[in-house]
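One chain, chain A, appears in both complexes that follow, with chain B as partner in the first and chain C in the second.
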Partner chain A sequence: MAQLTADRRVLRADLHGDRIRAASGSMVAFEGDIDFKSAGMGAGGGMRAALKRAVAGESLSLMDCTGHGRAYLAKDAMDVLVVDLAGDTLTAESQHVLAHTDGLRLDVQFAGLRGMTSGQGLATTTVTGQGQVALVSEGPIMALEVAPGQDLVVDPDAYVGCRGQLQMGLVSGVSWKSLVGEGTGEPFSLRFSGHGLVLVQSAER
Partner chain B sequence: MPFETVNSKVVRARVSPQAPVLARRGAMLGYSGRVGFRPVRGQGGGMAGFLGAAVSGETNPMMATEGQGEVLYGYRGLHVTVLELDGSAPLVCEADRLLAHDAGLQTSVQFLGSGGVRAAVGGAMTGQGLFTTNVHGRGAVALLSHGGAFPLQVAGTSIGVDPQAYVGHVGQLQVDVAARMGLRDAVGRGSGEAFQLRISGSGTVYVQASEQKF
Partner chain C sequence: MQTWNPATLPADDNVNPHVFCVALSGEWFMAKGAMLAYYGDVRFEAVTAYSSVASWVAARFSSPVYVQDWVVAAGHGKVLLGDRGFDLNAYDLDDGNLTIKANNLLAFDQRLELKQSIVPGFVTLLGTGKFIASSNGPVIFVEPPFRADPDALLGWADCPSPSVHHDTEWMSASMAGMLQGAMGRASGEERQYDFTGQGTVLLQSSEIAREDPAVLRLIESQTQLLTTSQAGTLGQRLVARAQQQQH
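This part shows the complex of A and B:
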């Protein structure tokens, strides 16, 4: 079973004859005998995923890493976090996905209004299954807890992903002041309610 | 040990009349004591070194820091890695990765083309350039990297490194360019890892956690 280990800004992926998927071009070094091959248009999800991505404008280019050895993966010196999934679903922005193990499935989900506010496009990526997924972020990721009765509001530009039974809503702070250029710089925010974790990075895109 | 890390991006150097320090021009952040800065031309090694540097484009305007005191160095918020060279093998890196080093260390420019046309072509294709800098002697070097450099030990085996993420290496190592070009790369559907540096032998390779050059 391939093992992903985060070491601050580098992800170590130990392969034992199996396969992981990683963002194209993210390999910085490798030991052993590892082959890198583009996973194709659907990022391994097949034609349907490719089509959905094209429609949604959610771009995600992945490559297959197969073989024996250790690959070092990194992206623009961003911090790396490994999340273990056991059958549940993680929602994340596609540009934050660095790598995932073979047991996981990536899919596109339409995000609706939220995408428009943050310039993220209309879709977001969901990761489902058993395995590990590595996320990259500007600055370390904070996991903020949401519980019933304790809603959380985050900046769309700092939002990385979420996990759990969560509903997402939009908070608008637009007033006549923002129209005349006297806004606070926070015209929209995301409000999460329910039960789960929201991952936030310590920088705004 | 003349270099002491203040944080991941700044080093403090102790300068004394016996131990001046060479640093990248403009990298001084602050100093205390009686310290003077003097521009240094070329890479050392006299006229030949100067010419070599001029021809190769492998120049890094350096300055000598002399006197008695403590100097802080940093550059553009890049991470700094301090290496101790024991004199047994040179450090090979690109000139613009050098932040500072003991003035007792010698730098020289190496022409990769002497490794044959293949090496020269490889250097050109990977954006590594045709020249690298060798740092000889015994002393400390502060290297710049985007995101911090981590060491990889190579012992008799070979490893692959992304040319953009390669920082430098110390030891008896052979660097080869391996092109894994396929049809997919030609039509723009490649994995983004068409070129790799194949490093074999025994020694330490320093790799940064980013593919950004500066």
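This part shows the complex of A and C:
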């Protein structure tokens, strides 16, 4: 079973004859016998997802890494976090996905109004299944718990992803508009309720 | 993976080197865009709007140039602050004064008073209270006499405002060549801030500066010092500069 290990800003991927998928161009070094090949249109979820992705403007270009050895992956010196999934779903902005193991399935989910307002396209990426996914972020990721009666409001620029049974709503209005800069910020923030975890980075994009 | 909730988040302390958590109970001044996320019942109002509700705001926030970049956060909850992934630090002022680069000031509690510094791009905090500032890399504390690069200068406490020092060689060269050519001959290091007297100077270990929208408003407000003909000359020079940069 391929193993992903985060080492601050570098991800170590140990391959034992199996396969992982990683963001195109993220390999910085490798040892052993590893093949890198563009995953092309099939980058997670097959043709249908690729089509949805093209329509929605969610861009995620992946490559297949197969073989024996260790690959070092990184992106823009961003911090790396490895999340273990056991059959549940992680939602993340596609530009934060660095790599994932073979047992996981990537799909596109329409984000509706939120994607429109944060200028990141209409869709976000969902990761489902059993395995590991590596996320990159500006500054370390914080995992913030959301529980009933314990809502969390997040700046769309700091939002990385979430997991669990969460509802996402938009907060707008005079109060929020006065908080973000003139013309530079979005006139919305995200309010999470329900039960789950929200991943937040420490810098605005 | 470590997770946080409102009960486990620290109160008025760092969550990690880049994120600070304010336990809000009452009012804080915060820079626009500094908030990453919050739990609880928190309202954010523009400083201008809030001053009509609470008259003390106008007395505490005495800087028309920066007023549009700030909000008042009121209510109860935990507010997480961050700034471009820079290092964040909280400072306690005890009946003191500290001047800091306006871009690097993220938040201060409502007991402190903010004034505009005479040095452009800097603000002064007065009184007793807590404030949060960011720095690119760790903060370095030095004592005067000291000369600092304007970009690396984060602020200073308890000492008089600095004067501008120009490199002697550069000065004699520009005097010999008559001052007109002086603007073009810059190594970027001939201008320094010179600190004298008692106090502490704060430096950050990087020179990356962000465009401060308030600098434009500040300089514009100072053009009132010019006579009409002087203002016309300045206008012509600025137009010439803009055209030169286009080519």
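The criterion applied here is as follows: the second predicted complex is superposed on the first by the 189 of 205 C-alpha atoms of A that agree within 3 Å, B and C clash if a C-alpha of one lies under 4 Å from a C-alpha of the other, contacts with A are read in each partner's own complex, and residues count from 1 in each chain.
Keep this in mind: a residue touches a chain if its C-beta (ideal position, glycine included) is under 8 Å from a C-beta of that chain, and two chains touch if they have at least 3 such contacts.
On a predicted model such as this, the values are computed, not experimentally measured, just so you know.
Chemist: Is A:E138 touching the first partner chain B, the second partner chain C, both, or neither of them?
Modeler: second
Chemist: After the superposition on A, what does A:K75 contact: first (chain B), second (chain C), both or neither?
Modeler: Touch status of A:K75: first partner only.
Chemist: Regarding the shared-chain residue A:F36, is it in contact with chain B (first), chain C (second), both, or neither?
Modeler: first
Chemist: Quick one: is A:V28 in contact with chain B, with chain C, with both, or with neither? Answer first, second, both or neither.
Modeler: It touches chain B, and chain C stays clear.
Chemist: Considering the complex alone, what residue numbers of chain A touch chain B?
Modeler: 7-10, 24-32, 34, 36-38, 40-41, 61, 63-64, 72, 74-78
Chemist: Which part of chain B faces chain A closely enough to touch in the complex?
Modeler: Within the complex, chain B touches chain A at residues 79, 146-148, 150, 152, 157, 159-162, 165, 180, 184, 189-193, 205, 207-212.
Chemist: Could you pull out which chain A residues touch chain C in their complex?
Modeler: Result: residues 81, 83, 138-140, 142-145, 147, 150-155, 158, 174-176, 178-182, 184-185, 197-198, 200-204 of chain A touch chain C.
Chemist: Where on chain C is chain A touching in the complex?
Modeler: Touch list, chain C to chain A: 1-6, 15-16, 18-19, 30, 32-33, 35-39, 42-46, 49, 68-69, 71, 80, 82-86.
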